[in-house]
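Presented sequentially are two complexes of chain A, the first with chain B as partner and the second with chain C.
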Partner chain A sequence: MPGRRGEGRHARAWIEGVGCPLDAAIDAVLDHLRRSRNPLFAGLGCDVEGARAIVRLAKLVDASIDHLSGTATGVELSAVRDAGLFATTPGETFARADTLLVLATERSGAAEPLLKGFLATKPRLALARTRRIIWVGRGPAPRAVSKHVDFTSVAVAPSQISPLLSALRSRLARRPVGAAPLSPRRLEATLEKLREAKFGVAIWPSRVLDPLTVETLTGLVRDLNESTRFSCLPVLSQDNAAGVAMALTWLTGFPSHIGFSRGEPEHDPWRFDAARLVRSGEADLAFWVSAYRRHWPPWSSRVPVIALVAPSHGVGTPRARVEIEVGTPGVDHDTIDLLAATGSLAFRPAAVRNGTPSVADVIGRICAGLSAAGRAAG
Partner chain B sequence: MIRLRGGRVIDPAHGRDEIADVWIEDGRIVTPPAGGQPAESFDISGKIVMAGAIDIHSHIAGANVNTARLLLPEFHRAHLPRPGATPLTELGWSTIETGRLYAAMGFTTVVEPAVAPHTALHAHLELADTPLIDKAILAVLGNEDFLLALMREKEGLGAVRDYVSSMLSSSRALGVKVINAGAAMAFKHNLRSFGLDDVVPTYGVTSREIVSALQQAVHELGVPHPLHLHCNNLGLAGNVETALETIEAFDGLPIHLAHLQFYSYGTQGKRGFSSAAARLAEAVNAAKNVTIDVGQVMFGQTVTVSSDVLRQFAATKFAHPRKSVIIDGDGNGGGVVPMAYRQSSFTNAVQWAAGLELFLLVENPWRVFFTTDHPNGAPFTSYPELFALLMDRNLRAAWTDRLPKPALAMTTLPSLGREYTLFEIATMTRAAPAKLLGLKDRGHLAQGALADIAVYHDRQDRAEMFRAAHLVFKNGKLVVRDGKVTREIKGKTLHVTPSHDAAIDRKLDRYYEHLYGVPRRSFVVPHEARCFLGEFEQVPCVA
Partner chain C sequence: MSAFVFRLKQDPDRRVDLSGLVPEALRGRSDKAITRLPLNTGKLRVGDVFSLRMGDTPQLRFEGGSERFDLVGANMASGEIIVEGSVGEQAGRLMRAGKLHIQGDAGPFAASRLKGGHVEIDGDAGARLGAPLAGEMAGMAGGVVIVHGGVGARAGDRLRRGLIVVGGTSGEDAGSRMIAGTLVLQGKITGTPGRLMRRGTIVLLGADYSPSPTFLDCGSHLLVAASLLAAELERLGVGSARRLRRSVRRLAGDMAVGGKGEIWISSSDLR
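Here is the complex of A and B:
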């Protein structure tokens, strides 16, 4: 909602790299939007309120939205849409899972705190006294593992995760397998541990698995459920990507790749792909939103960009035609976004509340500017 | 002041069916002023006037519904260049379209009946983005460790009551829903079926005991809407016995049984699947404490969205298209399973007929409600066709002619000649739901009522009539004209706040830290979040 919490007091903005007041930056944005034939909204690193505002604005200016291209969340969602999923919550995994199949690489990112928690605790609601962890990929340092945990390391290269899952699934169906990343004896031993689970959970941090591997894993979990209970916990990536995908889904029916040029929302993963829209020249203006961290899309130099970004704190220079610094959700302003610890949307009050505007504040002012101009023209 | 002049006013709450004017001022219905001049007047002679309709059970928001949207992009109108004209493709499937489509049919209040308290914030965000209609959620309880442990430790009904009250308040719900009590927990322990007297492993309590404790708690807290129960064994041949046992278990106590059509199956015939709706309707007629909604199946592609995770897991084998999402949640969890009900299918035809039998054989229109259990039996946009089927025996005969004869032989439908009247439709969609939910200022057209009003053309084709209301007023504002939304306003979210001993909140605070390592505030709908959630309105509990 625009206009609340004293927004604008600490706003910092630039036009063509030159610092300016927020009002002037908003006017410049309005100017760019009015002249654009086909604006693109991309990135969308923001909270639910920001996503709501972006959909409002995208409708007003007949824009396209590509929230997820090339992101890990996009990979996971597309796998779910193709093949379905067994899923559980971080809470149930923490409290109940007696067996964890962790598919990890060196960088676990947002999954790190969750994985640490699972390694350090025993499941209070499980019948077993210990937690059995099968860690595929490079494992944690031995001292990170609690004495309540029965830890097995299966060291395979990231490229071998998919063949390993396929081999496990084949063996579960008692089909023979040829070359597998593990010896037949270790393969059987690993499978036996999965079979013995009373409530097992497969966990992977986003970015680790490609869509086909996610599908293979879902198939393995589905087959395990014929005789025992097993589920999945994809640990979602940063920037509230999944939270925004949720909001876009209820607001438009789709998580990403949405166009409003024909009135009602349309969905087309090819037509509304950001990189394609920029490369082909169809998009003549890109609106880049990244409130959680400061980063840029690979195509940012090929199209005029309006950016709502996290503060630079003196590092880096303005790169966009118009750049407005926005507050960090949950730090500078109250927010609702997806909490990795619960897997659900949650409210987080501002830690500082210093008046830096939120994405929703800035876009609310842009919408108001467009409507006012519309009224004046009409 | 607005005057609706000369319409046929059907207001079952006050026994009215007469030609009369309706006057609106400041969002309420007022008595005709002596010599007063309206600022605006609508000549609606020859039209039908009813209060805005109320849907007590429609899955329109929340995490599971959103997963269903995600899972089925190919059935969204916008995704296909030339989509088939089925109710699911016409649905739009966003919160915005949901509000608009309901309003176009003259509905002004809708209850989302299955929200896990832990994801209540998500559901309320969606409802805040659902325009035009007022909304409410029912909080799903009955499968979570905290409650089952309270019962295992025999902490007594007082503790259960405090817990229920705390969960209602912290999730801002209008009532309590129980979905296959104990079964989601049993499924986590690898049980694959769960009946009324089965025991939840490690907790030592039965489904019957859980439902009974929650029924009593809701009743004693004075929550106007009685416990809303999704029974055990949904969808299974022979499950009429479960429904009958459940009715018997609540001898004299107020209880609402949801989507009873899915529990009206016998085992007769060579396929071992028959309609037992007639038997069930008889039991409902005799049990004056019981209300039901039907959960009518209509033919076509849809998607089932249910927190009955045990049942949904079993249903994955019948998924069409073949993909499903099964969620082991903190409490109930749930499952999203696409489903195509086919006219040529023996089973689906029996289901369709059994629903209509329930409608036609339950005698008292104050105790049976319109639902398709949206979207489980069919999208809510199928209501107009359903109204038409119930109002016209010839239309029913035309439909039944196209169904497999062996399926019809397993039902009593062909022998039922009853035709619903407009007065009965208005009772079931307006007066009775308002009474069931404890909403005193809606569902009727007397002075002081909220000016939620639907005006319909009196068409021969009842489906056509109800699909596109002539005029719809929400809070006295004209929002729909001839089925088209003319103005988009925001509705409110209705909820109850019973009182309880705050000791339970301290206990819950400790519990969340201990079990999940996460503070409880991450699982509730906090007061400070209200600026993101739109307007709430408290419905008083009964003293």
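Here is the complex of A and C:
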């Protein structure tokens, strides 16, 4: 249908760096997958439909999946699994939180806009007229803080965040502490602010805290809930990492690091770690999916790679054995992915709808190719 | 009287699960039946990886190891397994009794959730020695683990009962989330030992220790418990254990989670 908006834009694909039609690229992918002994699916920057398709294909070819390679969401997931976590959403936090405990280093990244929002607003549905913010780590510039905010800076080095949280938790239970990163007076004052919260929320960008520190924090929040209401809001990493982790969990039982070589999904964070699989030579083919942005894993030169990636727009050259450009979810095609603002899965219609295939489209065609060949052979 | 001998033909091209090769599983089987046993990867059988010499005692010897051997001696309930080489992850997992001797290195999660018996590793062990796997709540529940080399991060995570002795350097945050039990570290340490430990004892025999705010110095003491532990460690051949017969400095923690655990320091002074 010529003339329609976005029509005429063809999928762009390359084999060994040479441009080719999509059909030829899919045939080349099928060829690689049939010859592979132990393929690996990594990255998984895609929407929920893409994740469904990847699980279908991984089962067909007995592959391993390392969804969280290159993201930090795994730290928060392991804390939830090991110790539990009182969780809330960004929306609830904006509307009701009268006290925020922010743990941030210079690597706040994806959490920056959210944190700026809290600094500029007051809670709409809270009894308190101001929002109290206790900022642990490197704080914002003073002019970023609105006059509605009662701001306390607790400037400690990143390595001191964990001892500080331990000391707060200990004092909350009225147990003694030794030399803490804060003076006893400031430690008690900080604790008092946490105790006085009517609706407190602890916020941290993923990657900032190590797993044991997250566990110390979720424990502190649990202890605070004995006398008041306190929740956690980990700001998860980008590329729909948490949305895909949810989809993988409802499809296989596990959020990441899944193997299908025994016929049933198995979970092993060490055995199915992408970097380890490549380093040890156990994976002989990597299938890299990154539809939201164009980036590559550090191990991409050490193993043959098939890549479904976001368009390069002329920047950068094809790097994989077979590379297929896929559309950006919510821009080039309709999508369901996790919205950071609400913390829930939501439908987003395409902004452009230009015919660039989605991850699910391309992998659907690969699955069809594998089953057609299976039928012909049988 | 001789042991079953499994000679490695060549390094396998994929990971293999050796949990099926324990003394009680071989009893009464013919050599043909043993070589046909699957290695639980669905693709390889024992005969593809090993040449077998039959034995008549509950003793297995692997001539040649591989970093790709997972779950060696897992669920073992009697007898002895000796590996002349290295092994992969989860060696001795959930073992109940008997002896497992690895003469090379072990991968992560060695002695994971050990319940009893004796595990000895001549080389290094990977991360999370004795620890539970993802999603499991308690770690090692009994038995003795001796590692002559170093260990990776978080050795003894969620340890609940039993004894772990490490000869070399320990990785980050040893004894994390300990519930009880004893972890003896003879070499240098990295990170903070005992983070979130509820009860149990961590013994530092050769490490510099920088106190964290939630471990409180209780001073130096001649502890009866320390001399009892020294006797047990000497029986196991741990030479530096005699230091426990002198006074040890005791710290109580982790105060963040109850503070009923302790760290004993016997060597250099507190920094």
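The rule we apply is simple: the second predicted complex is superposed on the first by the 367 of 378 C-alpha atoms of A that agree within 3 Å, B and C clash if a C-alpha of one lies under 4 Å from a C-alpha of the other, contacts with A are read in each partner's own complex, and residues count from 1 in each chain.
Simple rule for what comes next: a contact is a pair of C-beta atoms (placed from the backbone, for glycine too) under 8 Å apart; a residue touches a chain by one contact, two chains touch by 3 or more.
On a predicted model such as this, the values are computed, not experimentally measured, just so you know.
Per the definitions stated earlier, placing chain B and chain C onto a shared chain A by superposition produces no clash, and the two fit side by side.
Residue contacts after overlaying the shared chain place A:Asn38 against chain C, while chain B stays out of touching range.
In the superposed model, A:Ser371 makes contact with neither chain B nor chain C. Contacts of A:Arg81 after superposition: both chain B and chain C are touched. For chain A, the partner with contacts to more residues, out of chain B and chain C, is B.
In the superposed model, A:Ser301 lies in contact with neither chain B nor chain C. Between the C-alpha centres of chain B and chain C, as viewed from that of chain A after superposition on chain A, lies an angle of 90 degrees, to the nearest 10. Touch criterion met: A:Ile336 reaches chain B, while chain C stays clear of it.
Once chain A of one complex is fitted onto chain A of the other, the partner contacts of A:Asn354 are absent, as it touches neither chain B nor chain C.
Of the two partner chains, chain B is the only one that A:Thr252 touches; chain C does not reach it. In the superposition on chain A, A:Thr228 makes contact with chain B only, while chain C stays out of contact range. Shortest separation of chain B and chain C in the overlay equals 5 Å (C-alpha atoms, whole Å).
Shared contact residues of chain A with chain B and chain C: 81, 267-268.
Remark: chain C residues 13-15, 40-43, 67-68, 70, 89, 107-109, 127, 133-135, 173, 176-177, 192, 195-196, 211-217, 254-257, 259 touch chain A in the complex. Interface residues of chain B facing chain A in the complex, by the touch rule stated above, are 61, 63, 66, 69-71, 73, 76-79, 92-97, 118-119, 121-122, 125-126, 129, 145, 187-190, 202, 313, 316, 319, 323-330, 333, 514-518, 521-523, 525-526, 528-529, 531-532. Contact residues of chain A toward chain B in the complex are 1, 4, 48-49, 52, 77, 80-92, 94-96, 117, 121, 124-125, 127, 198-199, 225, 228-229, 231, 246-247, 249-255, 264-268, 334, 336, 339, 341-342, 344-347, 349. Across the complex, chain A meets chain C through its residues 37-38, 78, 81, 162-163, 165-167, 169-170, 175-181, 212, 215-216, 219-220, 261-263, 267-271, 280, 282.
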